[in-house]
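First the structure, then my questions, so here it is.
Just so it is clear, A, B and C label the chains in written order, and each chain counts residues from 1 on its own.
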Amino acid sequence: MIEVKNVAKKFGRKKVLKDVSFTAEKGKITCLIGINGVGKTTILKAIMGLTPYESGEILINGEKIHPATYEKITFIPDTITMLPNMKIREAFTFMVDFYDSWNSERASELLKFFRLNEDDRISELSKGNTAKVNLILGLALDVDYVLMDEPFSGIDIFSREQIADVFTSHLIEDRGVIITTHEINDIEHLIDKAVLLDNGVILKEFDTEEVRENEGKSVIDVMREVYQA
Amino acid sequence: MNRYMKLVNFEFNRFIKLYFVLIAFTIVVQLSGVVVKSKSYLNGANEAIKESMLTKSEYVIQYGPMSFIDISMSPWIMGPIALCAITLVIYVFFIWYRDWVGKNTFSYRLFMLPTARLNIYLAKATTILLFVLGLIALQLVLLPIENQIFKWMVEDVYRIDLSVLEIANQYYLNLLFPKNILEFILFYGAGMTAVTMVFTAILFERSYRIKGIFYGIVYCAVSILIFLAPLLLQASLLENYFYPMELLFLEIAACVIVLAGAIWIGNLLIKNKVRV
Amino acid sequence: MKRYWKILLLSIITLVVIGSFYIQASLAAKNTVQLKLEKRSGNEEELKGLSIHGDYGSGNLTQSFVHEADGETRILSGLSLIEEFTTSYTVPVIDKLIEEHRSFMRGKDLSPNYFFENESLVVYAGVKRDYKYNSIDFSFDIDVLDKKSNEVKSIPLDLSDTETYGWYDVIDVGVVDGQLKLITRSSLVIGGEEVNVYTFDIEKEKLLGTEKLISTITKDNSWTELSIISNSSSIEQEKYILFTTEILKDIEKDGNYVQEATGHEVQVYNIETNQLKKIDVRDELFNSIYWSTIVDSKLYISTPMEKGIEVIQYDIETDKWGEKSIIDLPKYKNGYESIYTTLMNGKIYASYLTDDGHELYIGDLRTGKSLYEGKIKVSNNPNKTEALYIHYIE
C-alpha cells in the first residue's frame, strides 16, 4: 500500500499541496483527478522522492522510500526518461544494467505488442511511439506499484487505444497503479478508485464501484457535484 | 560490476565522442605547430644566411638557437591545452545540467535508480577525474613525439636539445605536471576538491533553484575560507606562528575538510532535497 | 566486459603513462647537476659548514643552486612547489636554533641580524611593522630566552616618532654585561639615515638609554650613502661594527647626470666600550672596504689584483696600518664576474675563474697561509655549453 499522509509542500510562497492524504492499494488503479496545475504531478514526484516536501509522510509498503524501493515502485512521467540519442535496445541495456527487477521477456513482449523496432532511435520516434517506449520502461519492471502521469495526454487516438488495452491486460493486474489525468473520459471504466483534487487539497476520495452501485453515480457525476458545489 | 562502476562507465560514454574530438584536435594542432614553428625558424635562418652571408653558426650566435620551449610556449601547444581545460571546466557544470535541460527528464531516471544517489555524485566526479588524467597522459605521450619531430626537422647547429622532463618543467607546462608523484596527488587532489565543491554548489541550485544560487555562493565562499584559513591566520593573527612544514600539513587537512564537507553536504542534498 | 573496453583502455593507458613519467622524473631528480670540490692542497676540514651559492647555465637554461658542505647540490630553480614552500632559506645557525628552541623561535623573523646567542641566552630583537595608510608604526619585539630555566622575557618598547621614519630595522644584537644592545638603522621620511644604539637592562626588562651613532642628511642633489659592514650571518657576539659613509653628488656632464663621490668616511664602533672611532682610509682603498672583515682587533681589507689578491691590515686599537700580504693566484683569469671573495671567520674565501674551470681558495687572514685550494667541478652536465657564476659563499 502507498500511504500519503498529510503531505504539504510549497514552491516559494505558493502552497501547491496542503495537507494531502490518500492511499493506493495493490491490485487497484487509483486515479488522481484534477485540472492542470492542482498538484497531481507533484504528488507523484513526492511519492517517488523526486521532490522534497515540508511536512507529512509518505510510506510505501509501510516504509519510507530508500534506494531499494526503486525495485518495487516505478514512475512513468509524461516525457521519456531515457536519453533521446539512445536506441531502444540501448535503453533496454541500461535498464538491465541498473535494475534487478527488469524483465527482459516482458519488455520484448511489449515491444512486439506496440509494434516497435529495437533499432529505432528514441529521438526519431513519433510522440505516440515515444510514449509507448516510456510505458515499456516502466511496465517491464517487475514492480508492485506503477505511477503514471497523464499517460494519454497529447497522444493520437490509436496509440491511446493500445495503451488503454494494456490496462486491462495481465501487465497491470496485480499491481497497484496511480494514474493522473485531467480528462477522465477515456479511462473512467478502468479505474477502481478516484481521488479528486483541487488547489492542493483532496476534495473527495472514493471507490468508483461502490459509488456506482450504491448511489448510481458515475465518476463524472461525482466530479460535477464536487467541483460545481 | 556494481552500479557505481556502471554509472562511471555510463557517464564516460556520454562524453566520449566530444572527448575524442578534443584529443584529435589536440594532436592535429600540436603536431602541425611543431612543423610550422620549426619551418618558420629554418626559413628565417636561411633567409638571413643568404642575405647577410652568415654561416649557420654565426646565425645562431646572432639570433639565438631554437629549443622546444619556443614551440611549447606558443599557442600551437598552449592553445589546445587551454581549450581542453576550458571544455572540462564547462563540463563540470554540464555533466549535471544536461540531465535537466530542455525536455530532458533523464534526471528522473538517474534519481530513480535503485542505488544510493551519492553514487551518481561520485560517478560524475570520477568521470571528470578520468577525463582530466586522460588528457594529462595524452600530453605526456605527445611531448616526446613532438620533441622527436622537432629534432628531425631542425639540424643540430640550430638546436638546443631538452629532455621531456625539462620541457615539462618549464613554466605553464609545469602547472600540469608537478615535480613528483606526491605533489601530483596533492595538486590534482586539490583540483578534485574544487570540482566536488562546484558539484555541491550545483546541487544547492538544483535543490533550491533561485535561492539555491545564493546558498551555493555562500557555501563556496565558506569552503574557500576554510581552505585558506591556515594561510590567512598565518598571515594575520598568528604572525607566522607555524613553520612551513606545519602549514603544509594544515593546508592538506583544510583541503580534506573541504572535500569531506562537499561530499557530505552533496549527499544530503541529492538524497533529500534535490528536485527533478 | 566488452562494453567497458573504452574506459578500461583509457584508465590503463593513463595510469601507465603518468606512472612511467613520474618514475622517470624521480630517477632524473637524482641525476642533476652536481658540484664537486677537488682538493689540490690543504685540509678538507675547511669546507665544513661552507655553502656555495651560484648560477649554472647550460644551453639557454640558467639554474640557481646551493652547494652544501655535505656535498649535495640543490638546484633552487628546480624545486617543486612544495619544496619551494617548505625549504628554509635560513642560514644554518638559525636552523640549529629552531631545532633546539622550536617554540621560542615560532613566529619570529628568521634573519640572523635579529638574533644573539651565548651559553646562557638566546635573544631575539625584531621590528614589528604595523602598516598604516601612509606610514608604518614601528615597535620592537624583544624576547629573551634563558636557556637554563627555559623562561622567556619579553621587553616591550614602542618607538616614539615613528611617523618620521620610512623604515626601521635592527642590524645587530649584542649582550654586554647583562645589558642588551640593539644597533638599529633607520631611514627618515625627509631623507637621510640614522644609526642608533638602544641599551636595555635584561634583568629589569627596562630601556636604559638610546644613543645616536650616525646620522646622514640628504640635500638637493647630494646625499650620503651609508653602509654597514658586519658579519650578517653570525649570531655570536661581535665586538666591532664598521660603518662607511660616502657623500655622492649628481653632476651634469655633457648633458647627462652622473654620480660623483665627493667625500667618504669610515668609522668603527666598539659595542663593548660604546666608542665610535674614525679610520683613515686611502681613497683608492675605500671601495675595497666592502670586502673586509675584523678579526680580533684587526681590520683586513682585500683587493683583487692582476694575479691574486692583496690583503691589508689595520689595527683598530692602535690606529695603525699594518703590512700588506699578497695571495698568489697564478691561474686567475681576470674578467667579468670572474672572482668572488668574501672574508669571514678570520679567513678569506675566493672562487675564481681559470682557463680550465673554477678554483676555490681558502686562506687564513692572521697568518696569510693557504688552508685549502681546489677545483670546483661540475658533473652530470648534459650540455656542451656551460657557464658557472658563484655569487655567494657562507
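Here is the rule we use: a residue touches a chain if its C-beta (ideal position, glycine included) is under 8 Å from a C-beta of that chain, and two chains touch if they have at least 3 such contacts.
Please read all numbers here as calculations on a predicted model, not as lab measurements.
Taken as a graph of touching chains, this assembly forms an open line, each chain in contact only with its neighbours along the path.
More inter-chain C-beta contacts link the pair B-C than the other of B-C and A-B. Averaging Cα atoms per chain gives one point for each, and the point farthest from that of chain B is the centre of A.
Here the CA centre of chain A is 82 Å from the CA centre of chain C. Each chain gets one centre point, the mean of its Cα atoms, and the points for chain B and chain C are 41 Å apart. In whole angstrom, the spacing between the mean C-alpha positions of chain A and chain B is 44. The set of chain A residues that touch two or more partner chains is empty.
Interface residues of chain C, counted against chain B in their complex, comprise 3-4, 6-7, 10-11, 13-14, 17-18, 21-22, 24-26, 28-29, 59-61, 78-83, 85-88, 98, 102, 106-109, 382-383. On chain B, the positions that touch chain A within their shared complex are 3, 6, 10, 14, 103-106, 108-109, 111-117, 207, 272-276. If you check the complex, the residues on chain B that touch chain C are 1, 8-9, 12-13, 16, 64-65, 67, 130, 133-134, 136-137, 140-141, 160-166, 168-169, 177-184, 186-187, 238-245, 247-248.
The touching residues of chain A, counted against chain B in their complex, run 45, 48-52, 67-71, 74-75, 77, 79-84, 94, 97-101.
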